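Notes follow once the structure below has been shown.
Letters A, B, C, D, E and F mark the chains in the order given here, with residues in each chain numbered from 1 onward.
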Amino acid sequence: MSRSLLVISAHAADFVWRAGGAIATFAAAGGVARVVALSYGERGESGELWKEPGQTEEKVKQIRHREASQAAAILGARFECLDLGDYPLEVDRAALERLTAIIVETAPDLILTHAQQDPFNPDHPVAYAATERARQLASGSGVASAFRTVRPPELLLFEPHQPELCGFVPNVFLDITPVWEKKQQAMAVFASQSYLRQYYSERAAHRANHARRIAGYKDIERAEAFQRVLPQVVRSL
Amino acid sequence: MSRSLLVISAHAADFVWRAGGAIATFAAAGGVARVVALSYGERGESGELWKEPGQTEEKVKQIRHREASQAAAILGARFECLDLGDYPLEVDRAALERLTAIIVETAPDLILTHAQQDPFNPDHPVAYAATERARQLASGSGVASAFRTVRPPELLLFEPHQPELCGFVPNVFLDITPVWEKKQQAMAVFASQSYLRQYYSERAAHRANHARRIAGYKDIERAEAFQRVLPQVVRSL
Amino acid sequence: MSRSLLVISAHAADFVWRAGGAIATFAAAGGVARVVALSYGERGESGELWKEPGQTEEKVKQIRHREASQAAAILGARFECLDLGDYPLEVDRAALERLTAIIVETAPDLILTHAQQDPFNPDHPVAYAATERARQLASGSGVASAFRTVRPPELLLFEPHQPELCGFVPNVFLDITPVWEKKQQAMAVFASQSYLRQYYSERAAHRANHARRIAGYKDIERAEAFQRVLPQVVRSL
Amino acid sequence: MSRSLLVISAHAADFVWRAGGAIATFAAAGGVARVVALSYGERGESGELWKEPGQTEEKVKQIRHREASQAAAILGARFECLDLGDYPLEVDRAALERLTAIIVETAPDLILTHAQQDPFNPDHPVAYAATERARQLASGSGVASAFRTVRPPELLLFEPHQPELCGFVPNVFLDITPVWEKKQQAMAVFASQSYLRQYYSERAAHRANHARRIAGYKDIERAEAFQRVLPQVVRSL
Amino acid sequence: MSRSLLVISAHAADFVWRAGGAIATFAAAGGVARVVALSYGERGESGELWKEPGQTEEKVKQIRHREASQAAAILGARFECLDLGDYPLEVDRAALERLTAIIVETAPDLILTHAQQDPFNPDHPVAYAATERARQLASGSGVASAFRTVRPPELLLFEPHQPELCGFVPNVFLDITPVWEKKQQAMAVFASQSYLRQYYSERAAHRANHARRIAGYKDIERAEAFQRVLPQVVRSL
Amino acid sequence: MSRSLLVISAHAADFVWRAGGAIATFAAAGGVARVVALSYGERGESGELWKEPGQTEEKVKQIRHREASQAAAILGARFECLDLGDYPLEVDRAALERLTAIIVETAPDLILTHAQQDPFNPDHPVAYAATERARQLASGSGVASAFRTVRPPELLLFEPHQPELCGFVPNVFLDITPVWEKKQQAMAVFASQSYLRQYYSERAAHRANHARRIAGYKDIERAEAFQRVLPQVVRSL
């Protein structure tokens, strides 16, 4: 059976910059990757689109949906959006239940989401908290329960824009050299944000530098950093 | 080429209770395991032996060496002791160089040692600090240097007796069910310490309970907990 | 006047495993102990009961109420349940006011509840947060106020199932040797959970081992660990 | 253009004890200072007033408004109150939007508010959380957005009553010697709380002692301590 | 048998300001209190004495010894000094053994010393580290050993001058109202440091204010704050 | 009188990559900047030089001295080296006294040095510890003492290579746009390390991106990040 990855992000484009390499790596290995955005980031993070005269929220959402779907497809993932609104993003009881149901239905081996804090983004920590709570509700208490549960998935956080200010301490570096071209293509979908493309390309090279220094693998040219939150259970060291 | 494990402990018997399962697992998979004790624990941790009339430090050391070697052999490892003295253990410049040389010579993939703090053991933190410093000196700065270096090994801490008081937060649970019998035999070598045997047998069952809860693997019956200190560099998630 | 203890737990059975010894000790010394469960744990933590065909939430609650009341009686405490629902437990404004009223009415010297975090239980942190907030509302600002207040109670957290993953650092070890039989009887009430009985019996022996090591009292055979959250105010050291 | 300061406090009088010197200093330098209280502290922190027979919440609020306005005027600031209620203070979506609008309208260079935790005050952390969230919503994501935003203000926390229990670590000491008389006058407005006047006068002397020790400026006689939360961006060191 | 208290301080006068009330309370209850200073603070903390022309280190030490002995006597304690030198204070192997021997010989129920960090005092953390290490060596590993050991004493830290900058979080407040006069007399011995007398008198009133707020005991007028480092082992809650 | 900056680094070249912009900014404003390296990094960090046949430690040191002096001159600073050896760097009592004397003699307003931890460099934390201790010894206890002291300097840490793994949380971002060309020239001195030049050029652009996001100053193109360790004492906010 193929492995399953679930990426939960606050806004439509987050997954590309922060986890595009992980998604492409997962898909390339035969895994099934699903991206769930809680909002389109239509109000707060669609800067360029709002400069166009006569722009509307509905149109912004459509553009964002198209772009995110296209980028996800390049990486090998399916994209969907719960459209909960942004700035501020709020996850009420019903939305929490939808998210829990998605986890139960997906039964992911691995969930990726935002870091717990972000002093410069009001929605990222909301996405973290909702994901963390839904993960627990979906996996239950470890004993038989009155509702359907899944095997507890792993949980990793992807890199925020200002890692140290978000309490982010990477403990997993993923070599994304083999899928780097795919990540570049996915980033290129967001045509108006070429400065982010440059930023995250350089960042991937820096993280590769760190990975080489940590483990001595000289062939790593691009990497993504993650913070694993829960213990690993392993059969060998 | 076979993988290499280096276990560095403050006193002669520490490795059995805390990492016996890890060593046996490593050896069973074809790896080479080497245990280096910094002291015999002859003064502070050889309680029962000192109750014998006419006991001497030299004899205590011999008994401890024999027992530790035998336990290591059962687990599949080689045992040696730097005999630096205990209560207090001190690692001076020369001893640090010996330890560094051992790491360079062993070129381990993985080092296991004590946690950084222990309010009830004056020697364990000294062993941690020496190991951590020797690891860095042995692996160098990541560029060519004036001395021989090795590929940076992984570093994991084994479980202290009172984990929470030592700042120990386990992030790796190792299934030791397949080698449990070997660990029991190794623990049985220390005949006078049957209460520790019971304690760590129950502890292994509790850690297995935790591991099952964390990951849902129902076949884990005994486990050991570790704290990985440095990031992992991986090729897939 | 007799001293008063209030135990606030997320689900019906939590208090037995985690604070049964403390309750029995308190009651044996002439104190009044009251257990308030926020929910019955009817959906998430009543595993065995749900295996019975035709089981309903109502029947599960009744069984849980009967068992918890019986266990509390053995320990010397009164049991009641706010029946707020579980998985997820939610404490809204009205429930918070009920909890605050209970604290004001009980005027406890001491409150016991869950730890602040738990990555494997969505309800325990909710119980902590509600208890902490109700404690503050009940004890007021330290000056005269528009509502009735009580002398600020002490607050201690009882041990979670995976202490290190919950940020739990014990700073109080309670000798429960004299009441150990009572705790065993109370645990035995939950007939279907014999594995928990074994787990927490061994745990009590381990905590006693820690307590002996910390303070040198050799007569402690069973202990429970707690984390005191607020400063102690004392008349002597 | 003059600089702008926004002080957001949970209750009507907090700003005087904790930031009176900062406000007076700011105003004395030509800056515009605005104090927004989220509640009057009418139920929990108006102790003396409630001792008067026949007292009502409405009258308490009026007295508190008059006193706070007068104290603010002495310091050189404008006072207003959102009147959201206290013990417990709650900030719902509408209140959050009001607070966000105030920040956008004020466009402050600097915001002062409570610390993130307080085990002896249920409302202070609520004020912190609301302020922090409103600050982020008001300053946006750093790119063009669908709503009006302001240049990101600095954020500093003022000193809580029991600093260490609130996780407060001061990293800014402000010399308030030149405006000390004004702060004394402002504190004197709250006639019934002379013990707080003494407490905070001594505290200001102690913080001055600390400031002299830290930086060697011997002329500092009174100081206030703050915790800067976000990085400073500077043109020189 | 009477209880025993050991106070270990970096310089001769530290114990008066920071633990004078605790010592007097302990002695008044019939306990035996012993103060061991590691140095006289002759170079770094004898400011006023060095202003005298022709002053020498030897004379400064004599004055400090006389003053400290007198203050200790007022509080009910014996004073001695290891005279290890200050600024910087260093504790070598021999000094560590002397300190360990003192603990073994005293067999204290309780040790008081400095906090672990102090960015404005190079000697206080050295005193902490030496005390902590000596405590462990003196109490051994919990099993029979080759050397004489004592029952593990409790360890509390006394309040540093700038608590928050030293990582000091008080968790014990001691009511010193009954012995306040004695502490005042002991402080008065250090005639040239009247400003410290005022500072610590006000501080004692502030800590009493905190203690009243925490526990509701209205009769506390002066208090000292401490940080208990190790868990308490108790027979009741 | 001109302001004074002291940079203390473990190896000869550290100051260029990590603080070159700060030094140039300081010098450009008329300040006096002095760089003190504790070692030349001759064994561990002079990789390229050791690839040359017949290389000796003495020659490596000479080359490093020449390069570092030249880079410092470009930035506007004086360079010197205590030549204490590297891998491992050790600072004994005599070296500590030299460093203390340098601080007393320089009387810097500001000291820059390494972060407290670095899991991939054994010498950086040693430089931090020595600097921190020398700073305290040089500035004394805040009262008159038996030795010459200076006004307590500020202390900032410069950015390590893997910030999150070193516990580095930047709280000061310095705009180095005006001196960027100078930093580039200084980096260019180290001809063999062009990859570091690229790394730190990109890093400076990233830190500028962060600074713009934090404070909204759109003209910042290059920045350096620092962690201020001690509180600031200010006259206005």
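Following the convention adopted for this analysis, a residue touches a chain if its C-beta (ideal position, glycine included) is under 8 Å from a C-beta of that chain, and two chains touch if they have at least 3 such contacts.
Nothing here was measured: the structure is a model prediction, and the numbers come from that model.
Note on connectivity: the fewest steps through touching chains from chain A to chain C is 1. Counting the residue numbers used at the interface between chain A and chain F, over half appear in both copies, so the two copies meet with largely the same residues. Our note on geometry: chain A versus chain D, Cα centroid distance of 38 Å, whole angstroms. Averaged C-alpha coordinates give centres for chain A and chain E that are 53 Å from one another. Taken residue by residue, chain E touches two or more other chains at 120, 139, 142, 152, 165, 170, 210, 213-214, 230-231, whereas all remaining positions touch fewer. Contact between chains, per the stated criterion, is found for A-B, A-C, A-D, A-F, B-C, B-E, B-F, C-D, C-E, D-E, D-F, E-F. Chain F makes touch with chain B in their complex at residues 42-48, 50-51, 57, 60, 87-88, 90, 119-122, 165.
Across the complex, chain C is touched by residues 5, 22, 25-26, 29, 110, 139, 142, 151-152, 156, 170-175, 210-217, 220, 223, 225-226, 228, 230-237 of chain E. Residue ranges on chain B touching chain F, taken from their complex, read 93, 96, 132-133, 136-137, 139-147, 152, 229-231. For chain C in complex with chain B, the touching residues are 120, 161-165, 168-170, 199, 202-203, 205-206, 209-210, 213-214.
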